[in-house]
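Below are the structure tokens for one structure; questions will follow.
Here the chain labels run A, B, C and D in written order, and each chain numbers its own residues starting at 1.
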Amino acid sequence: MIRTVVWNENVHEQKSQVVRDNYPDGIHGCIAKSLNASGKISATTATLQQENHGLTAQRLAETDVLLWWGHAAHGDVSDDVCDMVCDAVLSGMGIIFLHSAHFAKPFKKLLGTSCNLTWREAGERERLWTTAPNHPILDGVPHHFELENEEMYGEPFGVPEPLETILISWFEGGEAFRSGLTYKRGAGNIFYFRPGHETYPTFHHDTVQRILTNAVLWAHNPQQRIADVHDAPNVPIEKSLEPLTQRGAKLHREGEDGFR
Amino acid sequence: MIRTVVWNENVHEQKSQVVRDNYPDGIHGCIAKSLNASGKISATTATLQQENHGLTAQRLAETDVLLWWGHAAHGDVSDDVCDMVCDAVLSGMGIIFLHSAHFAKPFKKLLGTSCNLTWREAGERERLWTTAPNHPILDGVPHHFELENEEMYGEPFGVPEPLETILISWFEGGEAFRSGLTYKRGAGNIFYFRPGHETYPTFHHDTVQRILTNAVLWAHNPQQRIADVHDAPNVPIEKSLEPLTQRGAKLHREGEDGFR
Amino acid sequence: MIRTVVWNENVHEQKSQVVRDNYPDGIHGCIAKSLNASGKISATTATLQQENHGLTAQRLAETDVLLWWGHAAHGDVSDDVCDMVCDAVLSGMGIIFLHSAHFAKPFKKLLGTSCNLTWREAGERERLWTTAPNHPILDGVPHHFELENEEMYGEPFGVPEPLETILISWFEGGEAFRSGLTYKRGAGNIFYFRPGHETYPTFHHDTVQRILTNAVLWAHNPQQRIADVHDAPNVPIEKSLEPLTQRGAKLHREGEDGFR
Amino acid sequence: MIRTVVWNENVHEQKSQVVRDNYPDGIHGCIAKSLNASGKISATTATLQQENHGLTAQRLAETDVLLWWGHAAHGDVSDDVCDMVCDAVLSGMGIIFLHSAHFAKPFKKLLGTSCNLTWREAGERERLWTTAPNHPILDGVPHHFELENEEMYGEPFGVPEPLETILISWFEGGEAFRSGLTYKRGAGNIFYFRPGHETYPTFHHDTVQRILTNAVLWAHNPQQRIADVHDAPNVPIEKSLEPLTQRGAKLHREGEDGFR
């Protein structure tokens, strides 16, 4: 069982009746339920309002894959939690960023860019096209599928060139968008998935649920986590792999830590 | 003329006689001089000790390419300057990170990873091999060249998979390393170049100077800078490119800014 | 001046009045004229019907960038010319494949995949979106532009993950497509540009002409061509860069050519 | 069980006593045995001398992952078998190219480049360094390991920029090389692994065996094969996903096949 945590800021669910109607158990509850139905994933949830946003170092160490949904409260996520999440990714935890999480702190930190885009909330039709058939994340996904009501996101999307572009979207209003992008940072697999606006029932959609389940399986790196992702050890001359004699000037004393 | 700034923390030059002997005008002075000799580049310098580290928003707006050398004082670089530099890169400024700048704040911020590595200061031989012949940065560079004394950097190097790997190093003590890496972030071209330890005369080496000159020409994006790299504009329904009618529920009022 | 050849199979121009009306001087003539108008490019043309398809080894050696349009007669291109073109690309010639050249022999050979897609010839609206703002190929190109009548190409497009995806298309009939893709093979830069169906006046469109001019400038590698792209030289032990003594068994006699 | 075929040209085993001493059951037999020991792989073998080189369309359809070793007889592999193998890869079969298979027909066809390199057969020490820690292919592999006697391969290696560079080599004689490269072509995962010269016992080395076992698990795409990788279907107007009316001129009659 892949240990998975669905993180949600859980703000709109408290304030908006339409969001509550779509997701009576919260977006996090809806997604976790569908992941658990796969039989291969053991998903729990965490929310912004919990202590430490529900994400201790201990819990992250025991999380194989984290999903992240946020929108109205990106700024309320503490920098410490953001740093912990990013370090966990570098050490091997998979992470899936959903929709408006393009502006989430850990997304921006892991990618290093502004992650901006254009947008329109008109409930228009979105049709997603697969560009990488038989990619593990697209297992069982048809070449195209539709979401009758979605928010529009438009290019240019301010992200680095991905490892793979696996989905692109067509919007009723005339835009196109790169909607499924994979990255790797350190030992961690990253997937960005565009759909998922809170005012529409996107996370109840069969194909969306299938993609997220596939994405968790894909993002899971079963190897032991890297212990210290920031380690930059000195290799002493006397332990060099080939015979070596000190030459030239030296700044560091033998065994001294490097600068940071 | 490509407007270039060579930034140097300029710390070891003040403290170490051997560094001062290698670089009487500072590492920044040595590099700027060699770039200016190309006839295509107009290089000036900036250092940590200057007000605002010598890097105002105005100066960055008028800089086509920035080179960055740092080692002992990464932590003394202000977060504000780091943010300004990264935004300038996203808007189209090229940037070249040299050697120990793998731990520089803007490098880590732009790449989003820990950028760690192993190291040994033994003055050993480094031999660099080109892996992308006829890459613009390698114009006139032989398939291999040697630096008789260099610090060793060893893999794994904690950076994202680059756009291109163009140089790899062989070290006398038995290590190998990816020494020339290109990235693009926003509209900005990024080059990481491994050699350049301050206790050796690396930046006086003909081929190193040639590579840095080539890299400045390559990194230069002559297009007008992107005005606001964080802009995420709403596209109103009435301005949609295809006919569109509002459907479904809405969270945002028309014309309202998006969440961040 | 960048020495450029616009290659066209020039078949529909002979058979179809509508194509002749769009391109009285042939697609090749129209494109060459617009490239020459840039003042930076010296473009000539070549067609399938000419001896050797107009492409001798000598001419390719003196060509900086080749553009390729083909559709009905891919199979009539000789394998020898295809091989010559591909070797020229590996040695440093830039190449731009236009529209239905996705099935051209050199495109398939350079990419190694089937390059298949879905299609519909309905004269529908295509809107192209830039996904890499300030990319050299997109200099002066707005974030989106429209072609009122184009053939539709649909995903999945059977090509390798590109170096960069710089344009994606929206189609009136509901499809989306990756329409501007960059690759590098050997020392040669490759650009695939989707629009350009012969029954529409696409190559008269200002923005299309601008993109093609930019693409020629981008694809141009000014360095000296690689002499023999297939060379795999033996490095004799006595010329090794570090001291080396023969150990273990040997299959090859010293100085012998390797197997192929 | 992952259905795996180890293909070997099996030429040196017949002619050279030293190769026979290293691999009494052939290189293919040695590799298949070690893969089978994993308990997750069911490996059989095929050789050049067998009818159709042991590779029928039926057998390839039932092969999850193919390993390929060749050296002296690349030219004896039939173009038909090469085409079948490449189509199988595009449809989803994984493939692992070993050592001198850098010049194998299917490797060159899938990558589209010359795949050349420099070489020296001196039995020198090779040390491989991992550049992508915790990559699935490197599960359980230390940051570096040594092969006391190997053939040297030197850069530049004439291959496209890979999806990932996961191993680089240090050679006693002074060269460095990108020794573990991943690619994806169509639905097929591709891994190139450098070591494996026939005059040395490389495929008996524990870490090499571990890497190859990992690589088979990684390359395996469990999804149903793509039926026709060359299919380029017309989408009729009356079946368009959005309402569409024929506009402009048409070259093709409705329902007609596209050109190739």
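The rule we apply is simple: a contact is a pair of C-beta atoms (placed from the backbone, for glycine too) under 8 Å apart; a residue touches a chain by one contact, two chains touch by 3 or more.
Just so we're clear, the structure is a prediction, and the values are computed from it rather than from any experiment.
Chains touching both chain B and chain D: A, C.
Remark: among chain pairs A-C and B-C, A-C carries the greater number of C-beta contacts. Note on chain placement: the centre of chain C and the centre of chain D lie 27 Å apart, centres being C-alpha means. A separation of 35 Å divides the Cα centre of chain A from that of chain C. Averaging Cα coordinates per chain places chain B and chain C 31 Å apart.
In chain D, 127, 132-133, 144, 154, 161, 163-164, 174-175, 184, 186, 241 are the positions where the chain touches two or more neighbouring chains simultaneously. By the touch rule above, chain A contacts chain C in their complex via residues 127, 129-133, 143-144, 154-157, 161, 163-165, 168-171, 174-178. Only residues 92, 127, 132-136, 139, 144, 163-164, 184, 186-187, 221-223, 226, 241 of chain D touch chain A when the two sit together in their complex. Only residues 12, 16, 18-19, 71-75, 86-87, 90, 100, 103, 109-114, 116-124, 149, 152, 154, 158, 160-161, 163, 172-175, 183-186, 198-200, 229-237, 240-242, 244-252, 258-260 of chain A touch chain B when the two sit together in their complex.
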